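Just so it is clear, A, B, C, D, E and F label the chains in written order, and each chain counts residues from 1 on its own.
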Amino acid sequence: MPMVNIQVTREGSGPGRDSVTAEEKAALIAGVSQLLLDVLHKPLESTFVVIDEVETENWGWGGLPALEYRRRRAAGQA
Amino acid sequence: MPMVNIQVTREGSGPGRDSVTAEEKAALIAGVSQLLLDVLHKPLESTFVVIDEVETENWGWGGLPALEYRRRRAAGQA
Amino acid sequence: MPMVNIQVTREGSGPGRDSVTAEEKAALIAGVSQLLLDVLHKPLESTFVVIDEVETENWGWGGLPALEYRRRRAAGQA
Amino acid sequence: MPMVNIQVTREGSGPGRDSVTAEEKAALIAGVSQLLLDVLHKPLESTFVVIDEVETENWGWGGLPALEYRRRRAAGQA
Amino acid sequence: MPMVNIQVTREGSGPGRDSVTAEEKAALIAGVSQLLLDVLHKPLESTFVVIDEVETENWGWGGLPALEYRRRRAAGQA
Amino acid sequence: MPMVNIQVTREGSGPGRDSVTAEEKAALIAGVSQLLLDVLHKPLESTFVVIDEVETENWGWGGLPALEYRRRRAAGQA
């Protein structure tokens, strides 16, 4: 009866996207459910998955909002 | 000082509704707070409740997005 | 497919107990599952509940560890 | 590698605001990351913070939706 | 910067085990981190995973403690 | 009414310690509650904090159990 919670920033994974697509969500759900079946023998129907998309300004890393931290890292300042 | 987190899909509980209503949320808050008072003697004012409505495409069950899984179950395929 | 997480301090609800009993846990599980059935028509078998017992020194309230805060409130100092 | 989750109601902290501002979010992220550095010597870059803004009708306190509970407390009824 | 939380009951996946083994945990961590790399192009080093083992009496399903629910299902009563 | 959840590995912050001390926990509780007062004007008594200590083998980073990942990073291999 596993419960899996996946938190990611609300961003596109490539050009022209600004959020996780329905196909990507389905792939995450399928993949993690299969993993629990493979590793712990949990039946697919007993696993719940919740994907939580978080606005980038609500996510902190390195003491900064995530996008600012990434900019500084890319610029070699963090 | 209990904290209760209730995650449900963002759906209506009947025709013409597409989300949990304010009355239903109030009933969940009242019910679970009363339950903690009855079972563990926790005063109402010390219990926090957060209801988290999750888009159906962000919820996985049976290795599939939840609506797809329900459709297959209803069709006897899952 | 609701998921309910209940966090409480690891304490007994009465004299001679130092944690939540199995019977109390079963009552919480039964009560909150029934509540979701009554309010949102969620079938019992689609609700997962996790009870999380937290050591009292790991719980903060009023800027203090919970037991210290309770002592001060009882003494009229908080 | 701490993970910090901060749940607050989606409200403004003063007149003319109806949600937490980007500056306030940045201050929360900076402050809690620094706290983990100061107290547990966790490097800033190893701390993740997620701020979760919750609609007031989804937050329960005192067995009531939060705003209703606050109104009653202000009126001396709770 | 995904954060993944995996909640499972504290049980062995086969005879002679009473909890998830270190090898199984490592396989869950590797698998879910790889999944986020494959699906969302998240670098491995930006993903945090926390596995949360829950005592079976703290887990509810079907309105019952999980082991009791499984027994009834196995007996065709739930 | 903020709720703050702090997840850290169960480790000592210095020689001779193998977990977070009660003093460190109190400092985290005091610091984060004060932060919410300073930034969002939340009264101390309306903030709940839960500290969740996670066994190091239950924490994943970089696709590996956390201690293994740290060893590789220290050795310049990750």
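The definition used in the following text is that contacts are C-beta pairs under 8 Å (C-beta built on N, C-alpha and C of every residue); 3 or more make two chains touch, one makes a residue touch a chain.
Note that the coordinates shown come from a computational prediction; the quantities given were computed from them, not determined experimentally.
The chains in contact with chain B as well as with chain F are C, D. Of all chains in the assembly, those touching chain D and also chain F are B, E. Chain centre most remote from that of chain B: F (centre = mean of CA atoms). Same-residue interface: chain A and chain E share over half of the residue numbers found at their contact. Mean C-alpha position of chain D lies 29 Å from that of chain E.
One simple way to say how far apart two chains are is to compare their mean CA positions; for chain B and chain C this gives 17 Å. Here the spacing of chain A and chain B, counted between their Cα centres, is 22 Å.
Each of residues 1, 3-4, 7, 28, 32, 48, 50, 59, 61 in chain A touches at least two other chains. Chain pairs that touch one another, listed by label: A-B, A-C, A-D, A-E, B-C, B-D, B-F, C-E, C-F, D-E, D-F, E-F.
Against chain D, in their complex, chain F makes its touches with residues 1-9, 13-14, 20, 24, 27-28, 31-32, 35-36, 38-42, 59, 61, 66. On the side of chain E, the complex with chain F involves touching residues 4, 22, 25-26, 28-30, 32-34, 44-45, 47-53.
Of all residues in chain A, those touching chain D in their complex are 7, 54, 57-65, 68-69, 78.
Listing the residues of chain F that touch chain B in their complex gives 1, 3, 48, 50.
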